[in-house]
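The first chain written gets the first letter, and so on, giving A, B, C and D; residue counts start at 1 in each chain.
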């Protein structure tokens, strides 16, 4: 932690900060420059937040943290990449996995038809919403427990492990009984009571990045899970909110590469929410794999124009099948090299 | 709802959309322009989300909603402005109210000292966090039930009604027992299970705007409360996330005026989170009142540089007292008019 | 400048950075912490950018600048606030000024009618676009030189100094001949050749903040003007681009207070572009004055619904007159104090 | 264009809007719904902006444009994809091209060494800045005409066509004399006088997306070039400004796919500015090709830590060589399919 004093800080103010730094159990390392004094707080990190409050001390211009605020999720802490095993499907290994299914479970026929089709096309897990977080109270809110039973039936028929969202601490046990992976939705990324309780389940957690969360905030949300005892965490980039209005979200693929540089956890991509536009999903999925994503979670519906949610960003069964066929096709060639030509 | 067909939509695709619109119980009003066909869906609004899925139908370029998606919070629905009565303090009337207190309740001495001081300076309610949502699991998480008891003691001594955050459905009853207003934090604005349960309490709810929520999303979150039965809702603007890094958030004061144009609910402003910078809070508070805010919620701490959270944006007791004295001082004069001069 | 080495930086890498720091003429001040080594570069600021490139050196995790990158615009550099005198109108003094007029000059009748009306209502300067930067090449691009002549005629009739935008270095001389203040539009805030040339005119410059410029970038753009020799600079906040779509821009009023804390230059506010919504302009203008703005620039048109640009955010003559009457009316009262009541 | 009347619009207000629509040469198509009246303006698009001003007419709630505002750049207008030929290098064909070189030309040795190295590694064009737009007036501003001569020498030695930025209308002729492609920097994307003059050169233009420009605004900037007579336009995505601070910009790869869906122009990607972080550039480049980019423009420097600009995001020669070798390597495999397994 670096404390930069303002140009006109008095000697008294400087001494006061030094005392506070030492009071918090750090060593104060003072640099006296031509223009200003800079104080480094050297030591362990336990009472870091008390140092941050020094922004309020007289004569302090800024307090700059240098260390990353997360630990257990850090690749510096654990050098070996985490592979999350979901009923035999390995997320974070050398091969990519695809999770597919409808935004919401709407009926027995819909979910079973979709499950068989995505399995046939090569998907590795089934997704489907039972409890839906909807911006408007008047929109379809999900079938709840009935949807969980249908998902379990789809799993029994296809063998596909099931991923579904849990929105409330009260639903965790029920959802964990029926599903293989518990998803934390983007709006709940910083729902800390939910994270603390999910840390105590034996189920893997799929943690979506919040629409306005920085990569660091995302990793700190994962830190809640690991610190609470659950190491089976899969991160999921699903687009962030920006000024661009033509697409529903801005898919931040570089964040995938960055998250994998900073953390040992596996990272997958949701190109459906990430773009909100059916025509871009296949291309975005290929880009996700190219930048190092460990997999994809894709919305698929037998009849998108009749979907009760997210129809505009759902692939139909044929489109998904085609996408899967072309997903790992070779990248385009480069133009002939000048080096050879000349 | 307007469905714009793409330029090269076929007659068959147009007919298909018309059929779907009518199937959903709307009348289809077809405009055939020089370039494209536009279909208006005329009728009530119940199955609106099914029309939105038509974005996935062949030949459709865009689906544009025209009506606002909220109802009960709308000023068009209820023409009279809502005044929320909190133990005799009226929020949303012709006079502005000020809620003040520390970010977190840290000790008996801290909260009692602050409560007396802010009451003396003219504050109308006391704030103080018992359960703290913190980005990092290693930061101070609040004193919980002990803090609630201390807040109740402070109320007993000062008469100030108490505002405190509730983070989890499981804590609602306990918090409602000790506090007068239940605050929904910015990160929980779209925690729908929490909103649905708060709709059933008799306590007023202070609903903070999410850091990346549009005004419409904010009003829809309030709609969850009103639709569930709780009409005592106070909206609170507390800054949004933007590219600007010099300040913690971007205080969106025009959103206050907009929210009051769209809704009958009272709106207050949190200049502490809204700017994150102590030196700007007094000026931002005056601007909030000038743009029509019904009040303020301000962080105050006896010794900000020792605060366990948000020290850099907390006023000390003297600063708060000064701010209150100058809060409604006259605006600066305009330069002399040319009209008079010439 | 602080150079934070990564946790696993080798001694060789640390030495290399120290050498580079000294090679650039700084003194290297090394702090060896429990976890990492931090190197402070102490000295003058001339070759700062060379230090920034050390982000690319092996073993370096981050390079953190501590000093503000601007000088001449800084309040630390010049302690006295700048007042820009525009033909007798003082911008930045203790009284606020109002600049009003149409987005574009459209006809002789339109500009003269508007000029007389805004002068009568109490405005201090006249605005009007001659060269219009338009997102689409098919939109109205302004009347050019003819508009400049009409503005000069309006000034002759009313005595109001004229503010108008200059978009190109080639137009500077012509515009400077007809106008009193040269406006740099938001899109041109970082048009450095334009800034360098405007630094050489004797005319005051109104520098709008770019829609995605941080306050620091804005001040650095002003620094181009002052460093080039023109000290008569008025800053203008006009809203920034955010995810919020209900309003055209997000008016960043706290940035006004921040700019005045960091710089001695006067700052005004454009509530017309800042909100894009007629109904919010009067309230936003009052808030601007409350937060410390030195003035306003407001779009006014005799018949907004027929305006060739920005009609939706232009006040008509009667609305402007009303706004001026109520601009500095008292702020709302606070509710009665508990301190008195108990 | 759709004009939505507000719920309480009077019949008189509705009639007034109908008259204005017809006065502008459109046919008014009126839909009377249960709640509100919606007026479609049917006809050609010439006086579109006059209709937009109807937002200011009494009783109007919103004006919603349906058609895209661009024409010549549109894929609906010209169905065949544009291939830009740069001295024999085809941009926009089936093969990807790579443009590489330093941010700034710093010396003869630096640019020649880089040119030979990137050619050897397989690059197709050379980039290098002669005129540098720098946020601070105190940063290195480029070698100007001397840099142009050095670039021409590098081309003569290597055969690589040269791409360099032009910042001012006054420099266009000189730059066009020495370079093969004229680059419009991100900050100048909406410098309309510059675009209008570049529309008259015979040289291809590389148009970078502005850091806060929507895809539509970017395409409208290109429309200025095509409408003015220059069809040789290459679009370049280089990251947008968002709340994320860990990376310099947020690389918006989905925008590449979207731009190619909306327009026939070729699109390339700048992963150097797009991420601002050396370690992510190779992965981001692969993702760019995967999502359909027609090529890349990459910063390469013989010694990034000594670069006078952008060192932290420049590859050194060996890194670039490695990146080129792996650029089109196969994507990772999918995990074994359940369909086969069961």
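The rule we apply is simple: a residue touches a chain if its C-beta (ideal position, glycine included) is under 8 Å from a C-beta of that chain, and two chains touch if they have at least 3 such contacts.
Given the structure is predicted, the values throughout are model-derived calculations rather than measurements.
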> Hey, which pair has more contacts between C-betas, A-C or C-D?
Replying inline: C-D
>> With centres defined by CA atoms only, which chain is the most remote from chain A?
In response: C
> How many angstrom lie between the CA centroids of chain C and chain D, rounded to a whole number?
Replying inline: 26
>> Centroid of chain B to centroid of chain C, CA atoms only: how many Å?
In response: 28
> Any idea how many Å lie between the Cα centroids of chain A and chain C?
Replying inline: 37
> What are the residue numbers in chain A that touch two or more other chains?
Replying inline: 212, 241-243, 245
>> Show me the residue ranges of chain B that touch chain D in the complex, using the header's touch definition.
In response: 2, 4, 7-8, 29, 31-36, 38, 40, 42-45, 61-62, 64, 66-67, 76, 212, 241-243, 245
>> Which stretch or stretches of chain A touch chain D in the complex?
In response: 89-90, 93-98, 119-124, 158-160, 212, 214-216, 240, 242-247, 250-255, 257-258, 261, 274-275, 277, 279-280, 283-284, 286-292, 324, 327-339, 341-342
>> List the residues on chain C that touch chain D in their complex, please.
In response: 20, 46, 48-50, 52-57, 63, 69-70, 133-140, 167-170, 187-188, 190-193, 210-212, 217, 220, 223-224, 227-228, 241, 278, 304-309, 311-312, 314
